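Each structure below appears as C-alpha cells.
Both of the next two complexes hold chain A, though its partner changes from chain B to chain C.
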Partner chain A sequence: MTTEPVGSDLDHGQPVDTVECAGLTPDQRQPYRELGLKDDEYQRIVRILGRRPTDAELAMYSVMWSEHCSYKSSKVHLAYFGKTTTDDMRARMLAGIGENAGVVDIGGGWAVTFKVESHNHPSYVEPYQGAATGVGGIVRDIMAMGARPIAVMDQLRFGPADAKDTRRVLHGVVAGVGGYGNCLGLPNIGGELVFDRSYAGNPLLNAGCVGAMRVEDLHLAHASGAGNKVILFGARTGLDGIGGVSVLASDTFSGEESAGRRKKLPSVQVGDPFTEKVLIECCLELYRAGVVVGIQDLGGAGLSCATSELASAGDGGMHVWLDRVPLRAEGMTPAEILSSESQERMMAIVRPDDMDAFLRVCDRWEVLATEIGEVTETGRLVITWHGHVVVDVPPRTVAHEGPVYQRPVERPADQDALRAAGPESLTRPSTPRELRELLLRMVSSPNLASKRWVTEQYDRYVRGNSVLAQPSDSGMVRVDEETGRGVAMSTDCNGRYCKLDPYIGAQLALAEAYRNVATTGATPLAVTDCMNFGSPEDPGVMWQFEQAVRGLADGCRELGIPVTGGNVSFYNQTGEVAILPTPVVGVLGVIDDVGRRVPTGLTDEPDQTLLLLGDTRDEFGGSEWAHVVHDHLGGVPPTVDLARERLLGEVLVAASRAGMLLAAHDLSEGGLAQAVVESCLLGSVGARIVLPEGSDPFVQLFSESAGRVLVAVSNAVVPAFTEMCASRGLPLTEIGIATPESGILHIDGVATLGLDELRDAWEGALPALFD
Partner chain B sequence: MARVVVDVMPKPEILDPQGQAVANALPRLGFTGVGSVRQGKHFELEVDDDVDDATLARIAETFLVNPVIEEWVVRRVTP
Partner chain C sequence: MTKIGVITFPGTLDDADAARAVSSAGADAVALWHADADLRGVDAVVVPGGFSYGDYLRCGAIARFAPVMGEVIAGASKGMPVLGICNGFQILCEAGLLPGALLRNAKLHFVCRDQWLRVDNTETAWTSRFDRDAEILVPLKNIDGRYIADKSTVDRLEGEGRVVFRYVHGNPNGSVNDIAGVCSANGRVVGLMPHPEHAIATLTGPSDDGLDLFRSVLDAVVNP
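Right, the complex of A and B next:
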C-alpha cells in the first residue's frame, strides 16, 4: 500500500485534504506550529479525532483554540465571576457571560445589551482599518442579541503623545473609529484617551457598543431543531484576515517578528460600514418577522467560530456544504474559507417554512443570503466540499472544550520595591505661584487636556437621542422616546493604579465608572469589562490578571451589580515589557427620564454653592501629578471604599430625583483642580474656591482620593442637601460659589485664572500635538 | 524634468468597497456583462532628473501608498 499523499482533485484542480485522506496518511506532517498550536495541543486534536486532522479541521482548531477565542489562559480565573455573582445580582440580567453580549432589563419592557471588545493588535498593524473593523465587530455582537445598536464608545490608549509613532497610530485609529461609526449612523457618546509609554508599540483600541430592544425580542446564539436551515448572509467571503486570530491576536510583536511582518500583513481586514448598516436594518426586520431561531455574528475565526459555537449551543449537530459559501476571491481552499475574517457577515438558523420569508427580507435589503447547511441530530459538525467530507468533528471540542491552562502565577519580584518607592520624596510646589503654574501645566498635559480634538471627529448626536456625550462624565442616550427612559454608560481604567496594585486598581476603575454613571443621575445596573494585559506566559502578568479579576468580581459583589460579559486581550507587550495592566471597566446605568439628568458643567443660575462630597486625603501614588511632573510611578494607589461609593451613588441619584443638583462632576485624575477647571469651562461659568482653612492647598487641589464628587446646588437648597448627606453619613465640604459673570476661576490664596487662559491651556494641548 | 507615474491598487485579497459599489451600480444603470470592478489610484509626478529610483520608491512606499493593504507600481514615463 502506498503512503503517497493522497488528494482528491476537486474543482480548481488543487488537491483537497479530506477526512478520507487523513485516515490514509496518518503521518503526514502538518504546519500546526505555524498556525500557533503547541505540540501537546496538536496531539490532543489527534486524540479527539482518532486520526490526524484534515487541513480544514486544523484551521478550525487552531483559530478556535487560540488565546483570543478559547480564553485558555484566563478561563480558570474568569470562573471567579460566576462564584461571586449572587441571585439578587442576576435578577435583572437576561443574558450573561458566554453570550455574544450581556443583556439587562432596564424596566418599562426594555432591555439593553452592551459590551466592550478589544481590537488592539490589528489597530497597531493598520490603524484605520483595525479600528474601523473593531467598531464593526462589536456592533455585530450587539445586533446578534436582537438589539438595535444605539451608541458606541471607544477606549483608546497610545504611547507618549509626543512620540512619532503615536501620531501615525492615533490619526489612523481616530479616523477609523469615526469613519465606521459615522457611516453607520451611530453616535459616539464617550470613551477614554490615555497616553503612556507602555502603550508605545502596543496601542489599545477597545470598542464598546450599547443596543436596545424590547425584552421579548432577545435572541440567543444556538442552532436547534433538526432540519432547520443554516443561512450565511451579508458580505462575501474573501482572503482577508486569514489567521488574524491565531497569528495576530495571540502572539507578541518581537523584534524578530517585525522583520518578517510583511508576510503577516494580509491578516488585516477591510470593513465596509455601508454593508454593515444595511445588515443592521435587515437583521432587525428579520427579528420583527419572527423568522430567526438562532443567530450569531462572524467575527474573529469567522465560519469556524460561527458553525462550531451555534452547533454546540443547540442540538449538537450541523451539516455544512462549504462549496456553497459565496466567495470574493478565486481558488480559496476549505481551510481558508473556514478561517476567513471577512467583515459584515452573519449566520442565522431558520425553520424550513420560514425560508421564503427570510430570503424575501434579505432580497429587499439587497443582502446576499445563502443556505449553506442544516441542523442535524448527529452530534457532529460535518463540513463537505464538493461532496467530500473535509471536517467531521464534535463541535464542542472546537468551541468549548479547548485547552485550559493553569498558567504559573507569581507576584513580580519588584512589586515590593515599586510600592516602597512612594511619591512622598517628590518635591511638591509650595508657593502660590508654583501652584498656579502647576495647575496650568496639569490641565494642558495630554491625559488631562480636553479630548475635543478627538471627539469632534465623531458624530455624537446622530439619531437624535444622545443627551450626554464626551466631555460629560457618562454618555447618556434616550431609549424610550415616549417616557424618556434612557441609559448612561461610562468606562474607566487607570493602568498606573493597576500596576501598583491590580486588585485595588480594578476596584478603582469599577468605582470610577460607577460614580460617573451616578453623577449624571442614573442608577448603575451592570458591568462589562475588557481586560488588556501582557503575555500570559509571564507569571507576573498572570498575577496582575488574577488580582484584577478578583478585585473586579469582589467589587461588583460589594456594589451589588453583576458582570454581564467581557473580553480578554493578552500578549499586549513588546519583547519583555508588558503594557500597564489595563482592565477597562464599563458600567451601565438606567435613568427613568433623561430629562432629569445632571450636567457636568456649571450652569449660569445665580446663587449657587459648590460642595465637595467625600474625603480628601494625601494620596499621590500613581497620580497624574507624579506622572506629569516627576515621571514617577510608585507607592500605593488611592484607597478604595466601595461602601462609600455605593452611598455616594445613592445620594447623587436621590438628589437628582429631588431636583437638587444644578451640576455634578466626578473627581478623578488631576483631582479637585481638574474637576473645577472642567466644570467652569464646560459651562463657561466662573467660580470662587475657598479651600478648607488650615489645609494644604496642594493636597486639596491635586490629590486623587477616590469617592469624591463636586456638586453645585442652589443656596436655598444647601440646608436640605447638607441634612440629606449628614443623615446618611456622607461627608461634605462647602468649597465655594459659582460666579457666572466673572469670567475667572479664583482660588483663594492660590491663584486667579481667566477662563480664557484656562481654555487655551486645556483645549489647545491636543491640537498643538496632533494638528 | 521627468514624468513619474505611480499606480496603486488594493491588494487582491483585500476587500474593495469602492470597486464593489461601482460593480453593483453598473447593472442598475443598464450596463451588463461586467463581472468585477477594482478601484485604485493613479499619481502623476513631475520630478527633477536627479531624483533617483530609490527615492521614488521611498516616496511611494512611505507616503502615496498604504503598504499594508495596497500594492503599487512606479514607472518613469519617457516624455
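Right, the complex of A and C next:
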C-alpha cells in the first residue's frame, strides 16, 4: 500500500482528489455543470455524502444520473408498464424491466432474451464506430443474462435519401452494423430503414439482439456473497468514450493539449468485434463451468455503472482496488477510469474457490481477467486508488436513487391544426395510366424500395439457424436443432403516424410488429421497445412520450403480451425541432417447429388463390402516398383495432399449423400495391389481381388500413380457409390468383406490369442513390 | 466412421456450421483447437470461415502460424484432404497450400448473397460427387473475396484444370477469371470463398447443393 500524502502526486505525477481531501476542502469549486448536473442535483449529492464529492464520485454520479442511465425524465411514465401488466401476462416472463434485458420462457426448457437499444448520437458524430459499438453494446446486454446471442437486427432512420449528409451517415452506419455484426458471427435477421426529413440532423441507430439459453442458465446481475471476488475481464480500459468527464482533467490541466499530458481521444467509443467474439465464447464457457455468481456488461458509464449496479443489486457492499484495472493509456485518473466506455469488457462475481477455474477458462481464450475487488457487507461501494479512498458511497444512491423528474407535459398547440389538415384535399390519381405511374413511383421511393443494398452487407447465414431474414415480415431463427423450436422477431414504427397521434401511433407500431410475427406462423409472446424522442424539457415532446407509453402499455394489455424491457433515448432533435416521435416496438414470437414457417414471397405451386384478410378503408393520413407524392403530413393515422389484430394473429397461426398457407405478407406502408409487388418479386412469381367490383382502385391499392394480410392458399383449400375465417368473424376478400409462369403482375382494369420492370424499380432505387 | 476435423481459431465463426455439414454427410465431426498441434486422428480437415484473429494484419496471415496448422500442412503433404472455406481458403493461401490471394471485393463492401457456381473440376477429393459443369447455389458472404494471382499462376491453374468452382450468372467481387475456388496439384486440398456448409438444407440455406462436398470426401478418404 502506498503512503503518499493526500492530494499530491500519487502515481503518474498527477494529484488525485481523495475522500479525505474532499472533507478538508468542502468549498472547492467543482465543474459539475460541465458534467451535466444541475445545481440541485449537485446539492443532493452533497447531502447524500455529507460532504462534497471527490472528482471520482462526481464522475460516477454525473454519468449515472444522466438521462441515458437514470431515466430521470421517463421513470414516472414508464411505471405505467408495470401497472398494466397482469399476472397472466407475467406468466412466461423470467426477467423483466430493470434487468439487462427481458427474458421469456418459450417452452421446451428454453428461455429467450431480447432487447433493442439506441446509439443515436454517437452514430451521427462517428457513424461507423457509433453503429458498431451500438451492436456491441446490445450483444453484451444479452450475454449478461447468461444467453448465447443468436441474432441481431438494426432499426435505422436517416434524413432524406438524396441529402448529402445522409450519404455520409448511412454508409458509415451500415458498414459499422455489418462490420461489427459480421465479424462477431451473428446473423442479421431484419430491421428497418426509414428516411424522413426530421432525422436529417439526428439519425437513429437502434440495434436489437436475441439470445437463447436453457431456463436454468439464467444469470442476473447482482453481487452477493461477502468475500466473493469482483473480476474485470475482456479489453483493457482506455481513454475512449470518456466524453464529458474529461472536463475534470482539463480543469486541472488548463485544457490545452500542449499543456496537458496527452491528446484527448474521441468521446465515441471504438469497437473491436474480434475481442467481443472471443469474449462471447469465453463467457459461455464460464457459464457452462458454473463459476459465475453474477455478471454485468460494461456499457454506458463503464465501471461506474457496473460496480454500482452490481453492488446495489446484491448484498450491498463492494470494495474495488481501482489501480488494478488494466489500462491502455498512461496517466488515467480515477475519474477517467470509472467513466471510460472502452468496449468489450465484462464484470463477474466469482466465489474464491472458483477463481482458478475461472482464470483457466479466460486463459484458454486469451482473455485478460483481473481481480479488482471483493463483495463486502459494509453496504457501501468503496473504491481505492493506491491505498487512498477516492469513492465511498451508498451504491443505491448512484445506481437507483437518482433524481426523478415530473417534467411538464402539454399537448402541442399545433396538434389540432395538424390533425385538421387531413389528406382529403390532396389530388388523387384517377386514370389507369396515373395509377400505373403511381405504383412504379411508390415501389421505387426510398422508404418502400428494396432494402437489399443494405441487407446484402449483413451476414444472415452464420450459425446456420436463420430460417427467415429480411425482407421477410419477421426474422426467424431456430433455437433447438432437435425439435425445430424457434423464435421470430419483428420491430416496427411509423413516426409519421406517431406525430399525428402518438397514442394510436405506438399501438399501430405494436400491431404491425405483432402481425408480422404472426404472419410467419409464430405466436407473439412478448414486447420490447426503444423510445426515440426529442427533448424531455419540451412539454410537447413529453406529451408525445407519455401518450406513446400509454398507448403501447394499453395495447399490450389488450393483446395479452407483456413489455419485458426497453430503452429511452431523449434529446433527439436539431435546435428546437424534434424528430418524429419514434417508439420502435419489437415483438418476439415462438414457433414450435420452424419447418412450418410461412414465407413472405409467393411460391410457384400451381392453382393458388390470393386472399386479403381484414378491412380496407379510405385511410391516407400519414401515408407513404401523402409523403411521396404530396410531401404532406396531416390528418389522423389509420384506425387501430387490437381485438381484430389478435383474431388475425390466431387465424394466421392456426392456418400455419394446418399447413394451409403457401405464403403470407403483411400490408403496411404503401398498402396492397406494395404488398403484392413484394410478394411477386420475392418469389419471382406473377399474379393477377381483381379488385372488388365497384371499389375505388386507388383506395384499394394504396390505403394503409391496419390489420390486413395478403395470403396465398391452394384453390382446394379456399373453402376450408374461408370457413375458418367466417366462423371467427374475420373479413376475407378473394383478390386474385398467382400466375407462376406469367412473368407479369396484372391488375384488372388498372395496369399490366412486367416483373422485370417492377424489379428494376424496386431493387434499383437504393443502389442508384448510394452506390 | 470417417472422422473429419473442424478447426476453431479465435474469431472463427462458421465452425458449428461446418461441423453440422460434416454430420449431415454422415461423418463424425471432431473439434480441433488452434493452439493444439494435434489432429486427433482425423481423416480430413475443414478450415472454416470467420474472421480468425479479427482479420488483423491480413486475412489468414496470423492463423497460418497456429500450432494446429503445422499438422495440417504435414497431413496435406501426405495426401490428407483439406477444405478451406472463406477465411479458411484465405488461411490455406497464406499457408502456401493453395496458390493466389484474396483481396477486398470490387465494390469494397461486404457482400452476402445466394451465388451460383459452376463445378469445373470433379476430380478433387471434395467434388467427386458432383456432375461436371453442375451449377450449384451456395451462400457467399465476405468482404475480402476477390481472388487474384499472377498471370502465370492463373494460366497454370487454368491449364491444369485446378479451377474447381467458378462464379456464374455474375461475378460478385471481381475475382480473376470468375474464380471462386481452386485446388492443389493433387486435388486433395480445395479452397473456395462461398459457403457450402450453409447450403445443406433448404430450411436454412438456398439449397442443399453444398452437402455433396462433404459426401465427396467420404469417398476420398476410403480411396485415396
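In this text, the second predicted complex is superposed on the first by the 742 of 771 C-alpha atoms of A that agree within 3 Å, B and C clash if a C-alpha of one lies under 4 Å from a C-alpha of the other, contacts with A are read in each partner's own complex, and residues count from 1 in each chain.
One rule holds for everything that comes next: contacts are C-beta pairs under 8 Å (C-beta built on N, C-alpha and C of every residue); 3 or more make two chains touch, one makes a residue touch a chain.
Since the structure is predicted, the reported quantities are computational estimates derived from the model, not experimental observations.
By the document's definition of touching, neither partner reaches A:L327: not chain B, not chain C. In the overlay built on the shared chain, the residue A:F274 is in contact with chain B and with chain C.
In the superposition on chain A, A:A163 makes contact with neither chain B nor chain C. By the document's definition of touching, neither partner reaches A:L24: not chain B, not chain C.
Counting the residues of chain A touched by each of chain B and chain C gives the higher count for C. In the superposed model, A:V125 lies in contact with chain B only, and not with chain C. Touch criterion not met for A:V409: it reaches neither chain B nor chain C. Of the two partner chains placed by superposition, A:A421 touches none, neither chain B nor chain C.
Shared contact residues of chain A with chain B and chain C: 272, 274-275, 366.
In the complex of the two chains, the chain A residues touching chain C come out as 175, 178-179, 182-185, 272-275, 277-278, 365-366, 455-467, 478, 481, 594-595, 771. Within the complex, the chain C residues that touch chain A are 10-11, 13-14, 16-17, 20, 50-51, 53-56, 107, 109-113, 139, 141, 143, 195, 197-198, 203-205.
The touching residues of chain A, when paired with chain B in their complex, are 125-126, 129, 235, 238-240, 265-266, 268-272, 274-275, 328-329, 342-343, 366.
Of all the residues in chain B, the ones that touch chain A in their complex are 10-17, 20-21, 24, 66-69.
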